[in-house]
Structure formats: C-alpha cells, structure tokens
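Before I ask anything, let me first share the structure, which is written out below as structure tokens.
In order of appearance the chains are A, B and C, and numbering begins at 1 in each one.
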Amino acid sequence: MRRRRAQGPRRPPWTGPLGLFHAGSSWLHRVGPGPKVAGLGVLGIAVVALTGVVTTLALALVTVATAVSARLPLRSTTRAVLPVLLTAATVGAYQVWQRGPAVGLEVGLDLVTLVLAATVVTATTRADELLDALVRGLGPLRRVGLRPEVLAMAIGLMLRAVPGLLQTATEVREAARARGLERDPRATLAPAAVRAVARARSTGEALAARGVGD
Amino acid sequence: MIELEQAGVTAYAPAQPEERGSGGHEQVVTLLHPTTCTLAERRIAVIGANGSGKSTLARLINGLALPSSGRVLVDGADTATDGAAVRRRVGFVFTDPDAQLVMPTPVEDVALSLRRLGLDRAARTARARQVLARFGLAERAELPVSALSGGQKQLLALAGVLATEPAVLVCDEPTTLLDLRWRRVVDDLLDGLPQQVLLVTHDLEAAARADRVLVVDQAQVVHDGDPEQAVALYRDLMASGATTG
Amino acid sequence: MSAVPDEGTTPEPARPVLAARSATADLALVSTFAAFIAVCAILPAIVLPGMAVPITLQTFGVMLAGLVLGPRRGTLAVLLYLAVGLAGLPIFAGGTGGLAVLGKPSLGYLLAFPLAAALAGYVMTRLSSVRRSLLPLGAFAAATLASLLLIHPLGISVMGARLGLSPAEAITAGATFLPGDVIKNALAAVVATAVFRAFPDLLRARR
C-alpha cells in the first residue's frame, strides 16, 4: 500500500486534499481500505442482527475504543457525529417514552455506533485509496462488459468537473442577481444545467480528440 | 500529408421555435462546402471570421468532424473509417483549455494521453512527470487543474497533446483567450515544434509567419496560398462587412 | 428523430460532431452530471418564501440526471455520485460524506436515488414524443412518480426500521419532506425542459 501511495497521483479535490481524511499513523491508518470496509460491514450486520442491552452496549464500547485508538482530532470527529447524536437523543427519548428504556437505549446507541464507526473508517482512509479499492473490486465485472478503467476515468472526470460547475453556479447566480432575478430558478438553475450539458459536450469532444474512445 | 477530397460538412440547425412541434422539420445548413486540397507544408494557418467554417475545417483533420460528402485522409488513413489511426497521428488543441483538460490534476491529465502507448499506470505517471518538467510545469504536477492560470492551462493542454508525439498538430485558436505574455509563450512554442502545425487563428501576425494560409469565408476556402495576399484579402473581407458571423 | 416518421426513406445528412453520439460523449455526460448532483447538494440550500424547511437540491440533481440523461446514463451518474461520496468526499447534502451515511436513518433515501433516476428517465423516454408544450408536465409526472413510488417508500421504510418506529410514525415523520419534494420535482421538470430546448438531441437519442 505504501508503494502505491508513492507512485499514484494524489487527487486533491476542491475541499482539503483528500476528502474527510485525516492524516495519521495509527494502526487504523495502516490497515488497507478493503479490510476496514469489510469490518464496517460486519459491525453493521452485528448491530442490526444482535439485540439486547448488553450487546448494544458492548458494540458501542468496542467502537468508541476503536475510535480513540485511531487518535483522530476530537473536534472534527465531534462535528461529524454531532448531528446524529442529536437525532439519536431525540429518537431515543421518544422511544423511552413510547416503548420503554431498553428500546430507547438500543435505537439511540445503535445509531451512534454505526455512524461513529463509519466516520472513523472514512477519516483514516484516503478517498483516492478507497476509490482505487472500489475500481479493483469491480475488476471481475470485466466479464460482463464493465471495464474498471472506465470507472476510474469517470471518477477523474467528475472530480475535474466539480470546481468548474461550482464556479458556473456562482456566475449564474451573480448574473441573475444583476438582473434582479436571483429568486427565479429559471434564471439560476436552468442556465447552470444547460452549461453543465455544454461542458459535458466539450469534454466528450476533448476525449474523442485525444483518442480516448478509440 | 493531409488530403481533403471534395470534403464537405452539413448539419442540422435547431428548428425555429414556432416550427418546433410534432410536425416541424429541422433545417440543414452547410458548415463547409466540398473542399479539395493537399496540405503538406510545415506551417499552415487558417484565418476567417467567426462562424466562417474554419473550425470545421480544423475538426475534419483529426476526425472530430466527419465529412458528409467526400473524404479526408491523413497519411493515407481515412478519418471516417480509420479514426483511431488518424488521432494517433493528429493532436488537437482547443481554444479553451478548460474544455480540453479533463482530469483533476496535471499529472493525471498527461497520463490520460499516454494511455494509448500501452504503459502501465506507474510508467504513465513517471512519463507524465517528465513531460510536465519539459514544459516547466513540474511544480504544478499535483495541484488541481482548476488552480492553474489560463496560460498555464493552455501550456498543459499542449503538453498533454504533445506527450504522445503526434506527427501533426491542429490548433483551433490556441491563443484567443490568453494575455499577450502567454500568447507569446504559446506562439514561440508552436514555432519551435518539429511537427507539421495547422493553426486556426485570428492573429494575423502569426498567420503571416506561416508557409501557406487558407482564408475561409461563408463555408468556403476563398484563398489558398501566399500569406501576404491572404492577410490582405482577409482585411478586405472584414472591412467590407460582407462576411458571415 | 421524432420529427421525421419515415426515417428509412429520408437520406440523413451526417451530423458534424462525431463526439455527440459516441461512448466518450456518454462517459462525459455521466461524469459531468455526477458532478452536477454534487454541486446541487453542496450549494447553500434555497430558502423559499412561505416554507419552513430550507430545501437542498440533492434530490433535484438526481431527478434532473434521470430526466435529461435517460434511465441508463442517469442511473450511472447517480451511482458514480454515491460511490465518490461514500469514498469520503463531502458531496452529500449539507457538505457531509463518507461511509457514515450508511449508518444514518436517511440511508433509504440515498439508496432510492439510482432507482428513482432510472424510473424518471424511463418514463421521460416513453414521453419523449409528446407535444413540446406538454414536456414540462410529462417531466413533472415522471419525477413525481419516481419520488412517490421509490424515494419516499424506501426512505420511510429504512428510517422506520432504523429508528424502531411503527409504519404510521415513520410515515408521519417522512411526510415532512413531501412539500419540498413537490417543489424540487417541479424545478427539475422546468430545468429539464430548458435543457431539452437547448439540446434537442438529448431527447431524441436516449438510452
């Protein structure tokens, strides 16, 4: 994995270099994306399949311990989990009132456990490594005609298009504001969509000109 | 060598709003009347008004536009039936580098061009870095393309096309969107290339430096040959206001 | 070629742009629309007069992809968007992203997106030869069908299951999104019509 990191191009998108990834050197940072996603899947099944207060608490504790061992910055992790904490508290309280404390605890904790675990996986895995793993994982689909390298190219094209489309959206909004039409979606969304199609057209043309479709 | 044999291009124009119902027919317009010529000079310029058909002429040469009548050959390969071979020989540079650059970072974009050489990913990336270094873009290899200046983007677009060393380079107004400083950088770069270059341009100074100049007006080649006469004719056309666009 | 019924007998002049119908053109449309959905989702939400909840445009982008690109390319665009978002780029509504959405009660809505784009795109394709003046209505019907048959049922079921709610409770909670969705679908229909007007061939050559 370290070898690939050295040769693969970094892919800085528009917000921070690598999505919601936080650089670090914990054991979780070193585990490959495949095992981490698989682990998350197992946890997800366990949370849904196993019921009872004791297992719910145990799974939550294991997840919190894992999160702590990843040594992620407390602030951004809290910010990522906070909305779901509020949902969990609201729904948990509602369930305690409607169906008793056991159900309330389980519903609330399960929610937090899964979201926290997934947040930890995302924060310890570079987005481009995860996408590389996805492209590799789809390799067997070559037999049914889906070529993984086309997916890899589509990901690149999409990431390239986002900053341009964001700028278009801003320009279109400013143009609409200049004409006093910023509340009219026909003056904002429609031109943005038309320009997105135009952009796709010229991108398709550029790909053809560069022999990508040959 | 580029050969056009009675190559003409027609297209549908979008129907007028009132005709656009279930019974409306679209109009067929001529983008380029059948044209015959053999282009073998090292530096060829194409000038003409906006909408005159000069971009269509340029697009014919790497198969980006296909002739509706006649045919176009590049070193014997037909653009309609052997497009892949044609595009291996002919590189194309667009006016707007934002349209041309399709990948998020310079190194990925150049590596995309190198795919056709059959290298693996690591070799492509290494080769792309070499190409970027040659064009003075080594330090920007991993920045987002959207963070480059317009001139840097056009330089990168040229790097991406030249990375595969095509025999012919077709440039569709490559300097129109650039400031004077970058215009000179791109002009000098094009002048110094060993390849055959077909340059579509509004820059009459650049056109005057070519070996041969084609003037396109109202979908027709109205002059073909001496640069000085071509530029004089083009000035007359512009002054008389009798042109399209 | 909706305008010419007997295609076989009329000789067609070649279209000048080879790229408009090729695989590279489809690849570019799919990835650009995936990016467009991302931009819709991360732009600040629109506050409409008279509505309590500000609406984000994520579902709008999904519906537009289906309507404009058709079922196959539209679904691929939504799947690409979801894959890149799940990989950790903050392109889901409200600037969130990553695998955490898999654990949230709103997961069902996200899972319904590709299916909704497919259905809206399919219905739109069937309606592509209606009179031009009825296109916005057809597009609105296609989008509304997709949200009523797929997005809300799937979204509400998953939310109910994750939160341990009874069907009645889940439907009550999910119904708060309905008025916003009507507006978003109307917007998608208006915008899709504008796109078809600018690029008539998108309505003709559908897959």
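As a convention for this text, a residue touches a chain if its C-beta (ideal position, glycine included) is under 8 Å from a C-beta of that chain, and two chains touch if they have at least 3 such contacts.
Because the structure is predicted, anything quoted here is derived from the model rather than measured.
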*Computing the C-alpha centre of each chain, which chain sits at the greatest distance from subunit A?*
B
*Which two chains are joined by the greatest number of C-beta pairs in contact?*
A-C
*asked:* With centres defined as the mean C-alpha position, give me the subunit B-subunit C separation in Å.
replied: 35
*Just give me the whole-number Å value for how far the CA centre of subunit A lies from that of subunit B.*
39
*Which integer distance in Å separates the CA centroid of subunit A from that of subunit C?*
19
*Which residues does subunit B have that touch at least 2 chains other than itself?*
64, 83, 102
_Residues within subunit C bordering two or more other chains_ = 17-19, 28
*So which bits of subunit A are touching at least two other chains?*
13, 153, 157, 159, 199, 203, 205, 207-209, 212
*Of subunit C, residues touching subunit A in the complex*: 17-20, 22-36, 38-39, 42-43, 46, 57, 60, 64, 68, 80-81, 83-84, 86-91, 96-105, 162-164, 187, 190-192, 194-195, 198-199, 202
*Can you list the residues on subunit A that touch subunit B in the complex?*
7-14, 153, 156-157, 159-160, 163-164, 167, 199, 202-203, 205-212, 214
*Flag every residue of subunit A that touches subunit C in the complex, lowest number first.*
13, 15, 18-21, 37, 40, 44, 80-81, 84, 87, 91, 95, 99, 103, 106-107, 110-111, 113-115, 117-119, 121-123, 125-128, 130-131, 134, 150-151, 153-155, 157-159, 161-162, 165-166, 169, 185-186, 189-190, 192-194, 196-201, 203-205, 207-209, 212-213
*asked:* Residue numbers of subunit B touching subunit A in their complex, please.
replied: 62, 64, 83-84, 87-88, 92, 94, 96, 98-105, 107-108, 111-113, 115-116, 121-122, 125-126, 141-146, 160-161
